[in-house]
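The following pair of complexes shares a single chain, chain A, combined with chain B in the former and chain C in the latter.
Showing the complex of A and B:
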């Protein structure tokens, strides 16, 4: 059995308020029986646009603070890849996984509900580039390309940040899809100060997720999505409408289970080769912290 | 009886009205029968030059009527790229009277083109009747057809509810479908959407009879839909970018502009609700010696546009009566060394020209 799954498997969930339903969530993973524990960080107002600044190369400070607090980053480096003897000793003593940590980022809902939805409000609809069961209302259309540009503007910095995370060794980062929006029109009016039909709002979330999934895959990561389970006729099932914005814990649990399933199924893809190299060198009686000597030949 | 010419005003005599005046004072108009104010809805359509009128109306605070408005929060660049606000609806450039007629017929359900959409290799769908309305095409046929339905409804609403409709006549040379006579704003496959196929598309240069007839039919349809509608016709002073006729482009331009000018005149004579604004005369008159054209002798300079607009508002607005003021710098008679900075206009014809030049340089 995998040593990682013999003990508690932490999943680090960080992002906007959609990380909150995971708080204190502990359950047994259904295939191996291992304990899964969510460790969460809520970053108020976190958006995809502000997750990472490609111009400066800086992540949102609260995101970095979370990684450091959880011991996933020390001295500006991913600890699971560190060759530093102190990091190695800490990792060994703490029994940390030899694989990259499981991280899920919850982000994007504010981007959708804010600047992108403003293009549509109650006055417009749009035709997405994928099949949807949602109706096309008898309203003027915003060209899909303009919706696409608006989504790109929000996702561009975020995906650049994900790419940096992957390059830094965080190869098991997941992104939670934006959850289906509430059917409560009054709640939206309260939140946004304008009306927007549920079919338009839901279609916009579908479009955002459609783009998000593609872009997340482009950096070899994965988006967690349980749309068909959370919706009925592509609209949010009432039992998953917690407060007009968030999923209840049972909905979040569905998403987390999907993450765990995927993580188990794709373990081989993220082997920590540097650390295996360390073990190999130790097994051979070599000092793992000394660079290998070139072959005399 | 005395000679009837003795009773005519100075504006009827070339020497007094033109020869003895500076170019800055030239005004080829008599008092207009139509005057509008800021409360009236003013719509426009036409060739590239028509965009100057729509911009000037908006800039001066008139009620430029748009029935297909841009969504909120677009940038000016996005609005322009997607054809919002260039004209009163997103029909793009309308160059010929037949194109105008068919647009109105389509809006009122009287005509449905057989060959309107074209799909490129990437699956993007283009509306050949407004090929640049979405720069990269529609993402699907569903989007293209849905947008067209809404567009035609916006055109219908425009015709039915505007107070004034300004139409700038641009060209007689046209490309038509051999299937059903649909006329396209540009030759399909030449610089914009479509694949040119001489089995499907034919060149046709409208005669004066055709141009006049189609324009009259369009006016009849519009006036029937909106009995209180007032129409202002103008003729674009911009020469042809290219001709398909087997003759020099200058001759082709003279023919085209002459036909359009005659058609406009005929409509003014025929209909009480049709008026003429002489932008063609303002820009091209011999006294100016081309002063309002840039080095290419085709692009109208910012000064020329400003002068035309000054006269337009002087003659057609309630508060502009008699205010045909001189425009700064338009009286020296010299052509500027380079095109003066002018507002960017979106022009299908220019796109064709650029593509043609690019294909020749390859």
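Showing the complex of A and C:
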């Protein structure tokens, strides 16, 4: 019996606990009708600052472990771009097209809620360098430069890591924006052991995302954001206020759909040039694993 | 200098001798700082996470770095074609193979009556939206990017004609000459360029296609193409601009990565043509002609699955969905 085999489109989602709402998520995307499946990895306590060490060139061990487990990396190399006969045999056995994987990283919320929010607590407010509908409270102001510096310190290593990912051949990587914070002040007191008004917390997340979007774009990647759909008056809509930290799965799905919408129109990146080279060599009767000497006119 | 060297050699020999003697008793001399380093490595701190057990039980450091890897198109797409010698491999299209190898482009005359007939009978009834979007194919955006181009899917009669044309001995020899291997058609689509005086977009802008290795392009003119009909233009290695006028039935074959090119915007007359993508074919593989709409080439040449067409009535729903999706 000859039946058509259908495979899913995996989206690899890795990072802090904001990767959890995607766990076991599957849905049919609207462009081709393909099944999308989230393959997730929760790295406890993952922060932007510790994602990558620019001094050693090393990534967080759990991040590399995830890429290895999913077969995206072997011996420090992106397997989808490998011209190695072992990776070729693996691809042949899998029997599916080898294309650059779609990856989304969820990171940054701990950086915001940890060291950066400490600068403000219940005692200060700040003025961001962009328009916001959130009020300015009658509190002493922390200069934007200080906030900016604190965000830079957290984002610097992360962006350096993204740059390395791109250089390693992972060009279809997305970064999830930090989700709007809860409106529940009691939950924040419970989490942080101090108060901080929702307008200040939300504005800080806006500022972090504002910088994150620019920096992610600077390495030719994209940030996934649905702020206007998740908020009302720039504050988190009650229907998305789940456990005081995370989006519910229906909110996470909105973000994943945005990734799909972008990726379907970025298919210039899907061509696998190393595998075309192997294929071309084989068609010409050359040994695909021995680099051939170009001899055309 | 010589004395220092002598002392060093003597120390090495002494250490080697003592080690040899201790080795028989199951011991070994190790410097104190080396011992410290080894002790640090085996301590249960975060370094432990970097050690992975190998199958034989030894611990080896885990590689937490990623090595650079390129996924870039080649500078030219026909690098493995041997230098063509018309004396050794006589062919009706030998001069065209030589021209392609020299310039990256050549023009081959095909049946003008057939081309004129297909110009009248084929349906150019679509815009440039991609209704064949597929995760395994490189291709255009879902939404149309211009109204100056109309496209269409080839009829079965046209597909049969092209199949017979490219399976023939002349073209088989031609592709073996320019590519070094047989070719198949990775896509065929009808393209009609409407006259306009505005700047061209998409294929009417100067660009290189970034084709993968072994992939070359073709344009079969279905009408006479003069300066006002938007002729094909390309720039050679010395950046000189060339314009290729043509007659109905002329087939341009070119290396779309090696040569920056465009279909110049037609100013006064409509240009009708067939857009073709050729890719390598394994020697034991049958000639095939794939029809994949606004897509270019498969992501992975080893596993090719033809994309399905999205129904036209899904377009409105898709457009509505697209409006609500936005990046930051």
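Operating definition for what follows: the second predicted complex is superposed on the first by the 283 of 297 C-alpha atoms of A that agree within 3 Å, B and C clash if a C-alpha of one lies under 4 Å from a C-alpha of the other, contacts with A are read in each partner's own complex, and residues count from 1 in each chain.
As a convention for this text, a contact is a pair of C-beta atoms (placed from the backbone, for glycine too) under 8 Å apart; a residue touches a chain by one contact, two chains touch by 3 or more.
Just so it is clear, the model here is predicted, and its values are computed rather than measured.
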For this session: Quick one: classify A:59 as touching chain B (first), chain C (second), both or neither.
Result: second
For this session: Report for A:144: first if it touches chain B alone, second if chain C alone, otherwise both or neither.
Result: first
For this session: Applying the touch criterion given at the start, work out whether A:129 contacts chain B, chain C, both or neither, answering first, second, both or neither.
Result: first
For this session: In the overlay, work out which of chain B or chain C sits against more residues of chain A.
Result: C
For this session: Give one of first, second, both or neither to describe whether A:165 is in contact with chain B, with chain C, with both, or with none.
Result: second
For this session: Please work out whether A:76 is in contact with chain B alone, chain C alone, both, or neither, and reply first, second, both or neither.
Result: second
Exercise. Where does A:115 make contact in the superposed view: on chain B (first), on chain C (second), on both, or on neither?
Worked result: first
For this session: For A:250, decide between first (touching chain B), second (touching chain C), both and neither.
Result: neither
Seminar exercise, completed: Within the complex, chain A is touched by chain B residues 68-69, 71-74, 78, 82, 134-136, 138-140, 142-143, 146-147, 150, 154
Problem set entry | Interface residues, chain A side, partner chain B - complex | 115, 118-121, 123-124, 127-129, 136, 139-146, 149
Exercise. Along chain C, where are the residues that touch chain A in the complex?
Worked result: 49-50, 62-74, 76, 78-84, 98, 101-102, 133-139, 141-143, 179-182, 210, 212-215, 280-283, 297-305, 307-308, 310, 317-318, 321-322, 324-328
Seminar exercise, completed: In the complex, the residues of chain A that touch chain C are 9, 30-34, 56-61, 64, 73, 75-78, 81-82, 91-92, 95-100, 164-165, 167-169, 171, 177, 209, 213, 222-229, 257-258, 261-262, 264-265, 267-268, 270-286, 292, 294-297
